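The following blocks contain the structures, represented as structure tokens.
Common to both upcoming complexes is chain A, partnered first by chain B, then by chain C.
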Partner chain A sequence: MDKNLKEQILRASGVNVLKCMRCGKCSGTCPSYDEMEYHPHQFVYMVEKGDIEKLMNSASLYKCLTCFACVERCPRNVEPAKVVEAVRLAAIRQQGNNHLTPAMIPDMIDEDIPQQALVTAFRKYTK
Partner chain B sequence: MQRIGVFVCHCGTNIAATVDVKAVAEALGHEPGVVISQDYQYMCSESGQNLVKDAIKEHNLTGIVICSCSPRMHENTFRKAAASVGLNPYLVEIANIREQCSWIHKEIATATEKAIILGKAAVAKVHLNAPLTAGESPVVKRALVIGGGIAGIQTALDIAEAGFDVDIVEKEPTIGGKMAQIDKTFPTLDCAACILTPKMVECSQNEKIHIHSFSEVSDVKGFVGNFTVTIKKKARFVDETKCTGCGLCTEKCPMKKVPNEFNMGLDNRTAIYIPFAQAVPKVATIDPNHCMMLKTGKCGVCSKVCSVGAIDYKQQDQFIEEKYGAIVVATGFNPIKLDKYDEFAYNQCADVVTSLELERLMNAAGPNGGTLLRPSDKTHPHKIVFVQCVGSRCDDSKGKPYCSKICCMYTAKHAMLIREKYPDTEVYVFYIDVRTPGKNFDEFYRRAVEQYNVHYIKGMVGKVTPKSDGKIDVQASDLLSNEQLHIDADLVVLAAAIEPDKTARPLATMLTTQMDTNDFFTEAHPKLRPVESATAGIFLSGACQGPKDIPETVAQGSAAAAKAIGLLCKNSITCNPCVAHSDELMCNGCSSCEKVCPYGAITYIDKEFRMPDRTTAIRRVASVNPAVCQGCGACTVACPSGAMDLNGFSNSQIMAEVDAICK
Partner chain C sequence: METFTYYPGCTLRTKAKDLDTYARSSAEALGIALEEPSDWQCCGGAYTTAKDEIATKLSAVRTLNAAKELDRPLITVCSACHNVIKQTNYDISRDEEMASKVNNYLKLAEPYNGETKVYHYLEMLRDVIGFDNLASKVTNPFKGKKIAAYYGCLLLRPSKALAMDDPENPTIMEDFIKAIGGTPVIYAQRNECCGGYITMEDKAQAAKRSGAVMDSAKDQGADMIITACPLCLYNLKKNSGSDLPVYYFTELLAEALGLKEDNNG
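Coming up: the complex of A and B.
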């Protein structure tokens, strides 16, 4: 377990993972649940245990919509989406780990996507 | 000619949804002797009772049948209503068409048919009912509390406070019970001894309270208001009235290798001992199994050093008899033996301990003076694993099917205390569920997790293996991350299930009170009469009725005291007139009834009878003491000649009911 990495994620997210009482409401409300390998409650629990490498290598990081439904509904104010966000940042901030490059845009372009979404995607998925 | 009224209750939809109540009233209206038959939505309501009362007056009824719920629920209600308009209350019969009919049947046709049959049986019986008058019996103004733990102590203090004499019978040499062994109490973490010992002292100083320590109840006779109890004062080989509790004998006793029960066998005591410093009464006791003087006749050191001459090697068990109006049972609990749980290696490894053993290990008056050390090598444990539900919620033969209730909270307490005192210690708790209902309880458990960083892991420990390097391998599952864990622990603590004390079962037999399959005493009603047993005059206090923590035990102890005081306040109580009596002309003196009577109400007397040839003969016949008889009917069944009969439930009445059902 990488203690520094855990500390970094806890600091970046500002979340106290110990407050989680493992009720599963976050995963129960998550619209991306079926797309994810690790679900919101697992993010919280695995960060608590320091089991972070698995999360950083998982595509689940990019399936979270950051819709904040889990944050809104968590009975203990744990804010799981912020944990996901912090792990995602830890992953893409490593050199050469950008999840989105400008070269990928033309293939993905769709007239219905507002341009603002593209800007947001770059903010979220690149260093 | 009998004039009988029938009243059929809907009980809202409880009865009416399954039983055609109108059809029942109609059918019973045609029974012989029935002059009025009515149905009503709630017969027990005031207007329902008025309906019954008005009918009794208007039709000059000689008996009534109420088709409603169980007589345990409302028989008394309708008896009172009948009595208020001048009808003898024992001319009221209840046909139970709810618990025994509407609640257990689904089809309206069959349920209605059965309700009519039950009603007919009640009508047949009420034809033969005779008016009965209840007698009175005096109440002895003294209470007995069996068990001197916190439950018994609280009950005794409250009864004494009301001005009545109370005797506490405690089987151990001191009162205090389990609470005296506990270090700290949840959820406030105040010291158990600091809040318990003042109450113990109060018991010894209160002139209304008399403590029989190292004593047991050996026999109970009598009935509510008038119990006669034999108390066995076990020989402690020390004169209680002389011993000052100086403790010199315990220092000088050469037999120093006796496992100390108070410290759960984690250290040793001497053969003559005082269980702990704050014991009440503070009197020494000699353990005859280890005393060399008692075993071989050679030693006598304690007798030589005792300055007041309190040692008496010739002391015998003493039996005293005392009368009581009320008895409160407070026999408490014990953790179960873990011998059968080989997977936790409790018998193999000294560093696998029960939670009560951990209490002693952490207690300032315990074997290590309050420093937490491993029992095996007296080193500090750095990794501690707690296992919850050891023997609780087990459907197998090894454990108990119920939740022991207190383990979640005391484990959170232990984990928190350890993290507070030894922050370098990692603490793991394996749980199936964490159950923390109670004021400030869940907040307490969350504090263990959030503030003290205790690792709570959902899943059970499967195997505990002591290793050669002194560590203990704990193999467990983490259900949330779906993996098997191995933890190298230094100490493993098992939250053993709790069970009623072994003395409870024979005591229940003596008191003729009921127990459940787990040997917990059964309360008279699970919601509405939680501190009374079904036997009048016997009350329940503390964990003998079910698993309880200290605040609940104290609350129930006070509640039991209130009930006992309510009884002791009365100068006399109304007796049940439904008692047995013997037809002396038919009695053949066989003693069958005397043998089956659980209350000792039947004796045999020699009586003169005039014989047909004008001679007199002396015959041996049964005689029932109506004050002692509880009307159970065992004698009427046992009597081979049909001489024994029960008022209100006579043989002819029962047969009339059977005939009505079979017709």
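Coming up: the complex of A and C.
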């Protein structure tokens, strides 16, 4: 287990993973549940265990919609989306690990897509 | 006429001109001048919650500080700008380390620590103008129209930072609909996500989410659905597969005030 990585995730997210009582409400309310390999409650307890490499390599990182439903609805105020975000940043900050590149854009858009979609995707998927 | 600082954001200048144009003309008709700061940047579209991110928060602080220097509240319209700017404002007023890093970077004339009052345009209608007052200025009411308010995710959450309305049982958009003479439709998916930027790489998921929202509104008998978010509008229109009409709330506002051609029926 990489202790530094766990410390980095905890510090960047500001989340106390020990507050989680594993009720699963975050995953139950997640609009991306079906598309995820690891779900919000799993992010929380896998970070707690230091089992972070699997999360860093999972496409689940890019399925979070930043809708804050899990943050709002957690009865223990754990804020799972902040853990997902911290793991995603740890992944995409590594050189060459951007999930989106400008060359991919032309095939992803049509004439009506708002600029907001592009700037948000770049903010979430690249460093 | 009262003057407020107005932040349109990137998309209102490009793909979402209707959201912007009718926000401006309606505000003017309601006695409020909206003035853009001389210099603003795109907010980035999504708030980065990580505590070790500073650069991604600077553009929101620049806008907040511009409003502070003019000693005026800041008005946002786009749900995403509203979300990013309010979360930035909330965090900088509570997180001393973030405030100190941001201020060390920006070297403003005076440090910024969250002083600016931020209103979403809907909050301006409710808290500054008043929905009763707005109702008295409506010349072209949406009589008999069943209108579904779509909050999505960015207007309400996280509620401790946005402090706009009850995040699970909001009323602000329904009260707006009543003020312009329409009948609000309550439906289960009104504060669930449309899929947002996932439309870029996963059309199927965007279709699933936006379709669920539209079907939920239509099942409750809605004639149309309204939003404050350009990306919601895009997903609901292009990805949902539904024929329910989608409009920006500012279009209906302008129409109710007699400032826009009647094309909503």
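One rule holds in what follows: the second predicted complex is superposed on the first by the 126 of 127 C-alpha atoms of A that agree within 3 Å, B and C clash if a C-alpha of one lies under 4 Å from a C-alpha of the other, contacts with A are read in each partner's own complex, and residues count from 1 in each chain.
Everything that follows uses one rule, which is that a contact is a pair of C-beta atoms (placed from the backbone, for glycine too) under 8 Å apart; a residue touches a chain by one contact, two chains touch by 3 or more.
Just so it is clear, the structure is predicted and the values come from calculations on it, not from any experiment.
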Touch check for A:L65: first (chain B), second (chain C), both, or neither? second
Is A:K19 touching the first partner chain B, the second partner chain C, both, or neither of them? first
Under the stated touch criterion, which partner chain does A:K49 make contact with: chain B (first), chain C (second), both, or neither? first
Quick one: chain B or chain C, who's touching more of chain A? C
Once the shared chain is lined up, is A:N4 touching chain B (first), chain C (second), both, or neither of them? neither
State whether A:Q95 touches chain B only (first), chain C only (second), both chains, or neither. neither
For chain A, give the residues common to its interface with chain B and its interface with chain C. none
Of all residues in chain C, those that touch chain A in their complex: 9-11, 14-16, 42, 44-53, 56, 78, 80, 152-154, 156-159, 167-168, 192-193, 195-202, 205, 209, 229-231, 233-234, 237-238
Tell me, which parts of chain A touch chain B in their complex? 16, 18-19, 21-22, 41-42, 45-46, 49, 51
Could you please specify the touching residues of chain B with respect to chain A in the complex? 446, 449-450, 453, 458, 480-481
Where on chain A is chain C touching in the complex? 11-14, 31-32, 35, 62-63, 65-69, 71-72, 79, 81-82, 85-86, 89, 100, 108-110, 112-121, 123-124
